[in-house]
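Presented below are the structures under discussion, each in the form of structure tokens.
Shared between the two complexes below is chain A, which pairs with chain B and chain C, respectively.
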Partner chain A sequence: MNAIDGTDRHIKSTDGPPPSLLTIILDTNPFAWAHLSSILPLSSVVANLLVFINAHLASGNANEVAVIASHNKRTAWLYPTPAPVSAHNTNGDSSSRNGAATHTQNANKYQPFAEVETNLLFNLDNLLKTTTSDDLSTTTTQIAGALSTALSYISKSTIRHSPVDPTLLESHALVIDDGNLTSQRVNLVSRILVLSVSGDLASQYIPVMNAIFAAQRQRIPIDILKLAGDTVLLQQACDATGGIYMAPESPQGLLQYLMMAFLPDATARKWLVLPSAGSVDFRAACFCHRNVVDIGFVCSVCLSIFCSPNLPDSTCLTCSSVLSLGGAITAAPALIPRKKKKRKRVAGDGSTPGGSATPLPGNGTPVHP
Partner chain B sequence: MSEASTSYKKQDGKLLVAQNGRTVTWKPNAPSASSLTIATSEITNLQQTPEKSAKVSIKIVVQRIPGTPPENHTFSFTSPTSARAEQASITALLRKHIELARASGGNTPAPAAEDAPRQPAALAIAQAVSAGARAEENMYEDSRLMLNTELQRELLNARPRLFEIFNQALREKPDTITIIQFSTQFWAARVHDLRAYAVEKSQNQGTYNVLSEIKPVNVDGATRLNISKEQIQLIFKQHPMVRKVYNESVPKMNEGDFWSRFFGSRLFKKLKGEKITENDAVDPRLDQYLSFNEDADRTEQFVMAHVPHIIDLEGNEQDHSQRLGNRLDWTMQPSTNEKVPILRVLNTMSEKMLAEVTPTDAADPHAPAGMDEETYKELKLRDLQRGADDNRIMLKISDKKKFFTGNHGTQNSSSTTYAKRSPGKVLSAVREDVRNISDGMSSGRGLNLETAIGTQEDSDSEDDEEGVEKKARVGNKHSRGAATVQIMGAINQRHLHLDDQLLSTTSTAEQAAKVGLTSGVLDTLAMTHNTTVEFLHYFWTVFLSGDADRALEAEKLVETLAKSLERIKAVADTAEKERERKLGEQKKRIEEHLQKTGKRRKFDPNSIKGGSKAVNDMMAPITRAIGSALQQYKQAYEEQRAQMSQLQMML
Partner chain C sequence: MADSDGEYIEASDDEYMGGGGSYGTRGHGKGKKGQRGDGRAKNAWELSAKTGLESYKESADGTIGKSIQEREEERKRKRWLVNTMLDAVKMPRRRRSVDLSIYERDPEPGIDYTMLPSLPYRTVSDPPVPRAVLLRKWLRKDTKAFQRGIIRHVVLVLDLSEAMLEKDMRPNRYFTMIKYTQEYVREFFEQNPISQMCVMGMHDGICIRVSELSGNPADHISAIQGLRDPKSSTSKEPKGSPSLQNALEVSRATLYHTPSHGTREVILVLGALLTLDPGDIHKTIKSCVQDRIRVSIIGMGGRMHICTEIVSRTNSGDESGYVVATDQELLRELLLATTTPPVIRSSVPTTDGAAAPAESGASLLQMGFPSRVIEDVPTLCACHGNLTRGGYTCSRCKAKVCSLPATCPGCHLTLILSTHLARSYHHLFPLRNWIEVSWQRAREKGSKQCMSCLSDFPEPPSSHTENAAESLTSAANGAVAAATSHIIAANGRQRSGDDSNEDELATASESFRYECRECKSHFCIDCDVFCHEVLHNCPGCLGGAGTRNDEESADTEMNG
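Take a look at the complex of A and B:
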């Protein structure tokens, strides 16, 4: 229209940073928390986490948050409360959802903050109430499941935020603004923050690595705040996706760690030097026993990692192809010089090259027999 | 003469050398006897009886297939008058043809290794060009580059940094390793550098259109024209007509005269391709060549027997699609000559220039005519094809469930500690904890976050007074301060490890200042690091080769590695001395400040960075590497020693 009648109309598109979704995975392994309760009880961690969530929601109007609890044998949603399957709300009242918390009207509290807080605490309480002793037979947490849940939620939110409908492309989704094509869709950026307290994750090596690669593809940084437990895989997650790995030395300053290191979103991170710890532990876990290996053997067809070259039936466990080491074994280093036998010079032998002619590196054939 | 009367196996006949030189035939006079044909390419040896002997004969040694014993054929020349002359001519002919056969049929690149080990690069290049494109890959082969010391020396001269590394490592190498071994090792890791440099050197500038480069220069009122000898050569090569004119005109007028007239004449303009206007000077002698027809020497360029349809312009004549529609563009019609002569001239010039360049698709003349597979593939319109079938290898993954239900193999420390507690107790503890949160919520008001997070602004000042007994509370100021310190430390460390792009823009002086060292010390450090890496490389090659004869080398290298450690320490000491000096200066400045103003400024030794601490931090990885190398060597040595002594005891 601008070109036709010479008016200067343009539609203002959002200039600020794009809305950001923060997904928090809270490791609720009761063993680990019981162990940590002297230094850092779960209640204070949850409180600090709530302040952090409030700060995130306050940084942008359209920012969103999601919290997932990674328990011993399952994962549970802490926020947003999942709608129950059999809900038929005839009156459409959101507060009368089955089991949902009724947040009270508190004039001193900002409503969205209050909603997050009540839901989170209610669901956490439920989770712990419904844990039986049977559930605690394993001592590690289902971090792989939590990561997958987070990734699928992020994917769903991204689509919901900016639906990709091919028919929309031709009509009003693309706006012509002074000859420039701008699309009105503003994409959602997301990241995942994991508060981890348990170790021994090598048993879930394959699914965790799959989740890491999926996040890498979608450009979702995974940040890790490691309060307890050994690291094994999680440093690799940060390194591969461009996130921040922090193992706090003074865990009581938890709020400071959260606010200073993990609050900036993707737009701000472009301009900041990230406080990631230096070295990364790149060791992998073998596919047969889930042991962490330093030097391993890899199948040349499907790239699965094994800890020893002697496999049952000499076949790879995943792709059933026949494997053998063959000529790949390096010779043992020989460090004692061999005794050189003195040989009588036969006439007409020609001059044997003296000790100066050495074979090229890697050749291995000795000069003297 | 290619024919002579000879006798073979006591039979008279004629010995003929074929016109193309490929076969030698002997036909007996008596038609009943069999004739003998020898292919020239199979002749391995040719002997003739000396001049002075009475008999005149030649002996041809033929080897039909390599591996079979060679056959000898003796022919004696029976001509009464000119036997010796015939013998001489036949042998000369045969020799020539044999050499020709060898040169075209053999085509194996003469291995340079057996000959003088220092084969100059120029000879290698000449061989490559003459033997065709196939030999070019061999020229850049690893073994040739390794032996080519001249090339290596030139590369070292061209890159001063590499030269420094080489010299320094050479100076510090142990004495039992000879220079040859050392340089072999050095270049073995850098063959790709050598290859790139060799390729770079072998490129040179091609020919250019000479006539357009020659312009008269106005100096001091007189127009001068500078032409070099090479330019004259090029003119003659590119325009043979000029040579003809020159040959005919120069005996009559002298050179300078000829050239000055030539460059002002219409002929020159025609050759350049410019349009000839009426204002140009008319030069009677030279202008007679204006109408000279150049087609004679141009036809030899049209060697292409079969023009592919896709570039066939004359085929457009048969293509009548535009007959009733738009006329062809006037530049594209093949018959216009005078309207735009520059197009034609430039095109023929380019063709001539390209004819001298080695062709990239120099097809073997014996290959079948027409397009070959590669050209066909290039000309094919790829994006109009249908998508290719999926040709991937299917992996049969046996049991997927196995991956996701991991059996918890290793029990590491955290799980064992957790296993000690009973699940019931753990659960109740955590539930209690969570209940604390709910208790914190006053009824209907939600959680009071300020008290929950535990940061109490006013009570933090008590921490100093409580002394040792302060119970660590979550969220107290001290821990938050420690958190800040840790985060800032991590950021600083990250900042030090600059990525490559930033690294190239900051100079060494700035980098050195960031760490706290002077740039001289940083340079020495870098050099030491490089040489140590060289020696480590060498050590590991020798160690892992499993070659018992290099055991002595390995020992010497271990000593060298120990010496590298000392060198690093020496650099650290130098840095420390520098730091001491800076400290002294700082102290002096504080003293002066005190005297001047009476105020004492605090002296903080930690603010001066650098010194041996910085050096050791930076060299920590390589020190570790040297340590591990030494340790592995020692371990393997002890084992072998033990084995040897056992063997000797048994003997």
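Take a look at the complex of A and C:
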């Protein structure tokens, strides 16, 4: 009868799935792709990725996409195209940039698809052309920068979509638990997909960790498709943020992995059985050599992790406080207070005159007669 | 001191018969003058108890304002300071939740009441401060790389005295406090995952233990919930008076065994404006200082001199740990503010005879970072003896534990997720504040878009006709630039005396751009806030934007 008297009118304010923003981080590390080229060349990956992006855009009218390249020494936007830094005046919104990305109108192609494709290919081409030999001096990729950029972009897009006063950051959203405002705040569903081919990410341990916590706090899942390289950090990113981790055995079937595992957004994932990560490697990277360790020595002041207790001058390499080694070898950094007897004695020998009014811990007898 | 005890009981009984609620305040410090001899201390205590009683009786049927005046006179007459400031009456309600810094600069205790109106409290009639300014102000907090105590041992003391039945918070102070402390405990362990906490209550003159010192938030939350649940055996109705001395003594005893590399903190939520102590609280304060316990107090309604003294002496002269919540919103914020790990001081200035020992003995702790396993067949866990299908295996002895952080039941290795440690790194390697960008600088850089979110910046006006162009831009850019005039106006009346670090003022940038000093990238205000509040990374530095400053950016990359 509810439907007749209209009492359920307010239950649903919007129908249809909320808009979804997919941010893809493409690892463009030339070394890794050179290594992979016999199995899976970058060109076919990009082609597969474009199909995937089109599928995402097609599955919702308001869906958006952003692509960031995580290159060797820098990160670069692949889509949307950033404005070139010059004194030249530009007018127009950020989605259709002027200058380079002038795509030829093709009547046979859905306009948004064409736009993404032209921009992405142009920017990727540009990035690879401007890669100098100096850029290739490192063999790792700027995944921390790419994640940070992606998170900032998502945060801004969320603000843009949100009708609520954006002074209330995510941290303060706890205040509003009357549901109404909260439900409006999360009306853009975002996720990050990292297509990773590089290993050796331990050098960016702290910034990547910071990014993971930010994503966790914003409830943005980080999905990882790992085609090559070691897994330590990124697997933790998935686990902490509730993303999907996959390391396909046969990378040739990339498109199928993308479409099957990574296409559903957070709204759809609630009803799906997701590929589970199984066991997760939670080891940390030591600060001294960037080794991955499972037993470490932690500075009690700054929590830096070291792989051996023999530090030069027994000072912490990060915060230079002098560290005593005692606690490291004898186990238990006392987690639970033991001996209750001792506590009583201490309470008694304090400056309590008469002592009668100081209760022993747990003794609930009031003072009043 | 049986004599003193008699006084104490009598006094409290009379107070309740007076039926005037809990606004009686009895100062029994001599003021800020310092130490007293022991013999005199007893004397002082007894005298103050008496005068307190008298003053209470006088004011029991009067208004609050009247009782203040009476106490002022009394102070002159008898040299005993009565330190109460009912600033709740004068302080306007806070409108935005952002402007915390203003309230942290509380007035000096014992100050003349006539000084109150000149304090920098914003009144409701003030013009609204633009959002950008508010956001920037909010950001000016801990961007200095202090050493912080990351392994904390905290005793949270809740006031369960009669004063908590006051209805200035909804439904009353007691329920509000219970609700917020539960949230607080959760947030505390989120921020300080390898810390320990213990909850106590000041109830009817004594200090009761609500939960034991442990690192498991669920224990504390359920124990706090048990306080207000009438069906629970541990439920406590607010009753009687609080005793700061008892609370401090029990806390001191609890923290006595904690290892020296962690902090020892007491966080007191105090609703009452009185404390009924069995002895000389100054001795207790002194022993707290010796045991390097730091006390922070969140008061309600008004300030008490004794609290200022406790906080200032246990924090080597820093009084900022004593704050007063005037409404529930502020109470919540003040509580949450204490989740940030405290700064570690290198040398403690010795203000009194008892020289405080070195703040902490740093040490190197061995910890294991176990990996998670999933098993096909359930096996027994080492911690509870339950059959489980997965868990974490100790890195040293391969015993299986259910959850982290934990101490391995087999080999006593501290097992922890590396993410637990990493959560604190942004306190240690904070992101430097970004600076405002003038139009001049914006032209120089030619930046058009925010580095990280690609939103457009307004065009710089041509240099000679700045003002004219300004209005043009705002007209053209509509909603975005509508705030321009507000912000410019606000720049003029920038509040002085900002306790911002370094030389920066929390102003909004005239060009809407904010520049990272390392990589020289320009960002918008939203990214500025997001990067400093949530992310703690600079997308520009990490993204290799500062190619000219390669050494610097490499350095930040290492440090976070």
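Throughout what follows, the second predicted complex is superposed on the first by the 268 of 369 C-alpha atoms of A that agree within 3 Å, B and C clash if a C-alpha of one lies under 4 Å from a C-alpha of the other, contacts with A are read in each partner's own complex, and residues count from 1 in each chain.
Keep in mind that, in the parts below, a residue touches a chain if its C-beta (ideal position, glycine included) is under 8 Å from a C-beta of that chain, and two chains touch if they have at least 3 such contacts.
What you are looking at is a predicted structure, and each value in this text was computed from that prediction instead of being measured.
In the superposition on chain A, A:V298 makes contact with chain C only, while chain B stays out of contact range.
In the overlay built on the shared chain, the residue A:S203 is in contact with chain B and with chain C. Residue contacts after overlaying the shared chain place A:G253 against chain B, while chain C stays out of touching range.
Contact with neither chain B nor chain C is seen for A:R219 once the two complexes are overlaid on the shared chain. By the touch criterion stated above, A:L323 is placed in contact with chain C alone, chain B being left untouched. Overlaid on A, the two complexes show chain B and chain C touching the same residues of chain A, namely 144, 203-207, 276, 278, 301-302, 318-319, 331-338, 356, 358-359, 361-362, 364, 366-368. If you check the complex, the residues on chain A that touch chain B are 30-35, 37, 39-44, 46-48, 50-51, 54, 103-104, 106, 108-109, 114, 117-118, 121, 124-125, 128-129, 131, 133, 136-140, 144, 198-200, 202-207, 228-230, 246, 248-257, 260-261, 273-278, 287, 289-292, 301-302, 317-320, 330-338, 356, 358-362, 364, 366-368.
Against chain A, the residues of chain B that register as touching in their complex are 146, 178, 180-181, 184-185, 188, 393, 395-398, 402-404, 406-415, 417-419, 421, 423-427, 429-431, 433-434, 436-438, 440-441, 444-447, 449, 452-455, 472-476, 478-484, 486-488, 490-491, 493-495, 497, 541-552, 554-555, 633, 636-637, 640-641, 644.
By the touch rule above, chain A contacts chain C in their complex via residues 73-75, 77, 80, 82-83, 85-87, 89-90, 93-94, 142, 144-146, 148-149, 151-153, 155-157, 159, 166-172, 174-175, 203-207, 209-214, 217-218, 236, 239-240, 276, 278-284, 293-303, 305-306, 309, 311, 314, 316, 318-319, 321-329, 331-339, 342-344, 346-347, 350-354, 356-359, 361-362, 364-369.
If you check the complex, the residues on chain C that touch chain A are 1-2, 4-5, 8-9, 12-13, 42, 96-98, 131, 134-135, 147, 150-151, 183, 196, 204-209, 212-215, 240, 243, 245-246, 249-250, 252-254, 256-259, 261-262, 277-280, 283-284, 286-287, 329, 332, 344, 360-374, 390, 392, 395-396, 407, 411-414, 417-419, 421-426, 428-429, 443, 445-456, 459, 523-524, 526-527, 529-531, 533-539, 541-545, 547, 557-560.
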